[in-house]
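First the structure, in the form of structure tokens, and then the observations on it.
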Amino acid sequence: MRTLGAVLESVESGTVTITCGFDEGLTQQHGLFHGGVVASLVDVACGYAALSVMPADREVLTVEFTIHFLKPAKTERLIAVGQVVQAGRTLTVCEGSVFDATRTRVLARMTTTMMAVAATPAWH
Amino acid sequence: MRTLGAVLESVESGTVTITCGFDEGLTQQHGLFHGGVVASLVDVACGYAALSVMPADREVLTVEFTIHFLKPAKTERLIAVGQVVQAGRTLTVCEGSVFDATRTRVLARMTTTMMAVAATPAWH
Amino acid sequence: MRTLGAVLESVESGTVTITCGFDEGLTQQHGLFHGGVVASLVDVACGYAALSVMPADREVLTVEFTIHFLKPAKTERLIAVGQVVQAGRTLTVCEGSVFDATRTRVLARMTTTMMAVAATPAWH
Amino acid sequence: MRTLGAVLESVESGTVTITCGFDEGLTQQHGLFHGGVVASLVDVACGYAALSVMPADREVLTVEFTIHFLKPAKTERLIAVGQVVQAGRTLTVCEGSVFDATRTRVLARMTTTMMAVAATPAWH
């Protein structure tokens, strides 16, 4: 979060929004946000979304995610929204969207499987 | 690459290796490399692998990728290897592995679709 | 489509719905629809959705898809809806949902990359 | 399995091979095996591979899978091989390959997350 300069904008039960302002260290060869930054941001948003519906003594691990890059990430600010689509005792599936600064263009879409683990982490 | 402190270790036709040393800015709550860092690194390795089999006037865009996190990324150094599994005129499919510093443990596996674009980028 | 006994319910520009009634040949060990049937149905729905926004001389190939199974497919009838989320000249990204017969429960979610090819198919 | 006419060729610990002969009911518009058939077959192979490393009182559910179609499935017989790449108490990650009848061409690649459940199935 700090390395990305990301900011937690809002947390509701099952929906979390994180934003990230433009910085030269986060771009690729054409001055766009790097795909890895886009993916990291929405992975974090999905992780917090999953956490928001889990009991307090749980932590969350990303089991896997898939991301589709839909448009070039040419914007002043990325807005990543993570949402729970299916919450289970062990696994939670989330979907995430990355918008540009105007929140009108969807730049990327993610689907991810998150796993609840005890606060002292064991691995799946 | 610079933000990650990543180093291009080797480039062969269809196979590229990139490494990344441990740094506190790249870790999550348990002192492991963050999933987004792991994903970014192997995405870049796969992108270069795809590029290594394309004509010189092409650039590469990540259309999508899927990553499965297999083991906790507890290591001094990540070693990411990207490999071309199917090269086409427009699309190239790559698979990537992320190893720990000993190169014996596979921490994550990626599959990705890369697209060749003209050196002045148009978008798919 | 015939092997599945699937029916094309509706075709709008960018959105296609296909349904499939319960049949013992399509189930797994617990009398639920098999995951492969669920995936096939929504892959077809996404393919037709992509085709619905392409020029008439194009055909569509599935480059890749990801499917998350959210709930057990215990229903009389599967309803699969495919929708275009990003249409490009070469690639089209679609998302699909599979509902139960009541259309209230989402059983599975798919994201897929489709490729437009000339009506006499070349391969990517 | 029956609907596909699939045959279980071999089961070793962590690796399962299933084959499926050509049949007109399993093809798409160009006389190739349909993508859904290819996906179903390798999903089943991966599921059995996961099951082969689980305790006897467990069953297996597919949480999600991703499949990349690499070459047109123009062959007399599909050979699907599923392999465990990471086995955990709850989750098992498998990778699968689909070969043509000569076993020399890889037609598709899958990665999947499988979940162990009690023999009387609860859902994740």
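We call the chains A, B, C and D, going by the order they appear; numbering starts again at 1 in every chain.
By our rule, a contact is a pair of C-beta atoms (placed from the backbone, for glycine too) under 8 Å apart; a residue touches a chain by one contact, two chains touch by 3 or more.
Here the structure is a predicted model, which is why all the values come from computation and not from measurement.
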Problem set entry | Reference chain D; chain at largest CA-centroid distance | A
Seminar exercise, completed: Taking each chain's centre as the mean of its CA atoms, chain A sits from chain B at a distance in Å of 19
For this session: Please work out the Cα centroid separation of chain B and chain C, and write it as a whole number of Å.
Result: 30
Problem set entry | Shared-contact residues (touching 2 or more other chains) in chain D | 63-64, 66, 68, 71, 93, 111, 113, 123
For this session: Name the shape of the chain contact graph, picking from line, ring, star, complete and other.
Result: complete
Problem set entry | Sites on chain A touched by chain D in the complex | 63-64, 66, 88-91, 93, 111, 113, 115, 123-124
Exercise. So in the complex, which bits of chain A are touching chain B?
Worked result: 2-3, 25-26, 29-30, 34-37, 39-41, 43-44, 59, 61-69, 71-72, 121, 123
For this session: Flag every residue of chain D that touches chain B in the complex, lowest number first.
Result: 66, 68, 70-71, 85-86, 93, 95, 106, 109, 111, 113
